[in-house]
Amino acid sequence: MKKIINHPSQVVDEMLKGMLYAHSDFLEGIDETRVIIEKDKQPTVGLVSGGGSGHEPAHAGFVGEGMLRAAVLGEMFTSPTPDQILEAIKASDTGHGVLLIVKNYTGDVMNFDMAKEMAEMEDIQVASVLVDDDIAVEDSTYTAGKRGVAGTVLVHKILGHFAHEGMALNDLKSLGDALVTDIHTLGVALSGATVPEVGKPGFHLGESEMEYGVGIHGEPGYRRDTLKPSREIAKELTGKLMSEIMTKKTKKIGLLVNGLGATPLQELYVFYNDVIEELAKYDVEIVFNKIGDFMTSIDMTGLSLTVIRLDDDKRTVALEAPVGVLNW
Amino acid sequence: MKKIINHPSQVVDEMLKGMLYAHSDFLEGIDETRVIIEKDKQPTVGLVSGGGSGHEPAHAGFVGEGMLRAAVLGEMFTSPTPDQILEAIKASDTGHGVLLIVKNYTGDVMNFDMAKEMAEMEDIQVASVLVDDDIAVEDSTYTAGKRGVAGTVLVHKILGHFAHEGMALNDLKSLGDALVTDIHTLGVALSGATVPEVGKPGFHLGESEMEYGVGIHGEPGYRRDTLKPSREIAKELTGKLMSEIMTKKTKKIGLLVNGLGATPLQELYVFYNDVIEELAKYDVEIVFNKIGDFMTSIDMTGLSLTVIRLDDDKRTVALEAPVGVLNW
Amino acid sequence: MELTGDKAKAWLLNFEAKIQEHKAYLSDLDQAIGDGDHGSNMARGTEAVKVNLEKIAEPETAEVLKQAAMALISKVGGASGPLYGSAFMQMAKTAKETTDIHELIEAGLEGIKHRGKADVGDKTMVDTWAPVVEALAKDALTNEAITQAVDATKPLKAKKGRASYVGERSIGALDPGAVSSGYLFTALVEEVLQ
Amino acid sequence: MELTGDKAKAWLLNFEAKIQEHKAYLSDLDQAIGDGDHGSNMARGTEAVKVNLEKIAEPETAEVLKQAAMALISKVGGASGPLYGSAFMQMAKTAKETTDIHELIEAGLEGIKHRGKADVGDKTMVDTWAPVVEALAKDALTNEAITQAVDATKPLKAKKGRASYVGERSIGALDPGAVSSGYLFTALVEEVLQ
């Protein structure tokens, strides 16, 4: 394991300190909680998200005007605890309530649920939206359900915009619940992710192997295969994602190509080129795109492709609206 | 070599196509030249930069309002040719002249010089600013001089702002010439960069080795050493850079922590934290910072630290001004 | 059998020691079918339990269990934090009425099931807790019974938690949460039942 | 000796063949003290030279040299593109007055020096071109003389170009541009001088 860090157990705290040193012009920390929150809180519903660390720039990179009010950082790849989340909720509430955006992992769901229960006991209005965009996992009673991955960032952006516009908590919640059914993601990896305290990758891939359907916590995916050209990866991912999204007779879509942490930007663009050429097969218009690192898996090499249904132009407007965050 | 590409020789062209597919709302390509240029050209001096490919988001990611007018893409790690650059100059000129921002490498200098001579023959006013911020290389008659690395992006931003404000070519050139003497950079790598067509890293580092003073083309640096904690790397880099910048009795500085392509953002923040704690030793105020991937070396693991002198507040204003580019 | 405050404290300190001893093993088990952090999660949590308990001079059962719950909820995170935390919170609540060990552990199991919605056979810590509750009802909890329950998670296919993502591939591996729960009950046998 | 248009064309086509043959070797040399692209740079450039020359039915010296210059300038990039390009551009200009080989190559060397500001001993292609010009003055250019010039770059410490960054570490390695220039002159010997 080669990393520019000090002690493996100190990475989260030192990263957090670095962020606060760098961005104290508009962000602040809540002592002892690993919560990063915007300094200037508008009198609107506050969006709170978070999860394990290791997904940078998620989630702190999306805190600011027009997106999240606060991000809660857990240990590496481990959901934050209810009391951390509770502090974020309390500090984010301006009397208009708080919306939690939670990725669908057992740990995240339970910790955010407990925090929600605690906050309600303190008479704070709290609702939550569960994101489960990763179609690599079957959604059945035999699994914990589809995982929440890169598409979460689009939820932050769209709901963040409407919260900023003054939408009420209940409406944000309904909008969010509908939105998440229109976002689908699939990822591939060329290498596993190494949690500093573990010191070795979550899974090992040979010099000519790749893995389809990986999650963002170093989870292995649905198929191991020999390394394929970008064009073929684009074909497989686009095919699966489009067959999902076309069930709704979709006419307009948006695309998010997300690097998993150690992937050069040039590869994301090569891949995007192949995705666009694949999409010529479908009768859809691409009205939005975003290419870069948004929801990473520490130092994993690979990428994910997210397709979002944008037949409702209001979603596109929300995606395009300017924001005051670090990494959108 | 594991990369998400098709054929190694096609990477630059496919990446370029991907960029144009994605960003045709405000960028366009000039056919057969690998030039990316802003569609909406203000009647101001046009800034043109570029170099070999492999440094993404540099330089195309900085084309747009308030920064570059055009970027010229060479082969991987190879300066573009004079005729490519000439086309960029011609397309960028609105009658107010064109300023070339060139990184100090023999190849870049010669190709941009030839393009400048050609453009002058066509009666276009052209000036150039040479960036040589990398203090890893000694500046003597025995070398090609200091290299231009990540600090170049700060030159794009500051001169881009003043060009946008309507400053004349000569003034931009003088400002730029003074500016580059106040920008210093040093980089470290934990692994070499792999040019797709070469297929193996430019240099090899063992499981517990690192290299100090690397360039952005997989050039080895000034010292190979055992892998050090972030704190010690910060100490060495900060020490060397500050002794350079303090020769001018500097009171205010800006910092740029730049990932070299495969470095997780969390490490950049851990490192930034250490840099700030090191800087407590000096009597300087940090009035600007930027943390992320700006000038990469394909898939190199490592980072560079840039220190810029900001005693003149106008530079800070220019750095903080909003821009319409992809990756600032 | 009754769980006195002193015994409760001894039980949880013993549990902490076992977790620290087997930390790497628990993470390895989790690496195989999850994300490799169960050992460090539980080590962080039981360490905090220990810190909380060491502050209590005159242990009282409900208070000991509540302090454990608070430490686990606020220090573990992940899936195991809320699950162990809910278990101890339910036990603490029940301890205000009875300190009968069988009833306490049964309340803990209810806490886990309520929070995690898992059933017997889903390859989770429930597969350790449920047989233990049954054995306690018959006053027959032994180390063998615990080991048997833990080992029985091997052939199961995971249907809950992170391990469910690997589907068929989870078959043949021990469930890390079932194993850490095994340590909890071995500690119970050692400190309270023997 | 005179450089006729036909000979000029044959010379450059031979050069192209040699570059393609030794492409990987040139890149390896550049990998050691530069950035590993000299082989692909020169291969791309001479390929373009070939394409340009094949279009010329009745070769005329100045035109052949100019087409070569244009191809090299517009296809190579890096350091070697402008340098080889400037060399051939100077040769093309000179060819309007004289087609004497010594004078042409000397003009090429001037083009390189003007563009690159390198001197003899800086460990660049100049260290091949300069002795070649001297040998041509005495009508004594042989393959041995070329090899000797190229090999003489080994002990030098690079003072120009990318190799200067590695300083002392450049000592002991051949300069890739000196080697590719060696192929240019071996091709000259084979097609024109013999």
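Going by the order they are written in, the chains are A, B, C and D; count residues from 1 in each one.
Here, contacts are C-beta pairs under 8 Å (C-beta built on N, C-alpha and C of every residue); 3 or more make two chains touch, one makes a residue touch a chain.
Since the structure is predicted, the reported quantities are computational estimates derived from the model, not experimental observations.
Undergrad: Listed by label, which chains are in contact with chain A and with chain B?
TA: Output, common partners of chain A and chain B: nil, no chain qualifies.
Undergrad: Would you kindly tell me how far, in whole Å, the mean C-alpha position of chain D lies from that of chain A?
TA: Distance between chain centres, rounded to whole Å: 54 Å.
Undergrad: Averaging only over C-alpha atoms, locate the centres of chain B and chain D and give their separation in whole Å.
TA: 31
Undergrad: Nearest whole angstrom, what separates the Cα centre of chain C from the Cα centre of chain D?
TA: So the centre of chain C lies 76 Å away from the centre of chain D.
Undergrad: Considering only which chains touch which, how would you classify the arrangement: line, ring, star, complete or other?
TA: Its topology is that of a line.
Undergrad: Just spell out which pairs of chains touch, all of them.
TA: A-B, A-C, B-D
Undergrad: In the complex formed with chain A, which residues of chain B make contact?
TA: Those residues of chain B that touch chain A are 2-7, 11, 14-19, 21-22, 53-54, 56-57, 61, 188, 190-191, 207-208, 210, 227, 229-231, 233, 261-274, 276, 289, 291-293, 296, 298-299, 301-303, 327.
Undergrad: Under the definition above, what is the set of chain B residues touching chain D in their complex?
TA: Touching chain D: residues 52, 74-84, 105-107, 110-111, 113-114, 137-138, 141-144, 147, 195, 197-198, 202, 215, 217-220 of chain B.
Undergrad: What does chain C use to touch chain A in their complex?
TA: Against chain A, the touching part of chain C is residues 27, 31, 35-37, 40-41, 44, 73-83, 85-86, 115-116, 157, 159-162, 164-167, 169.
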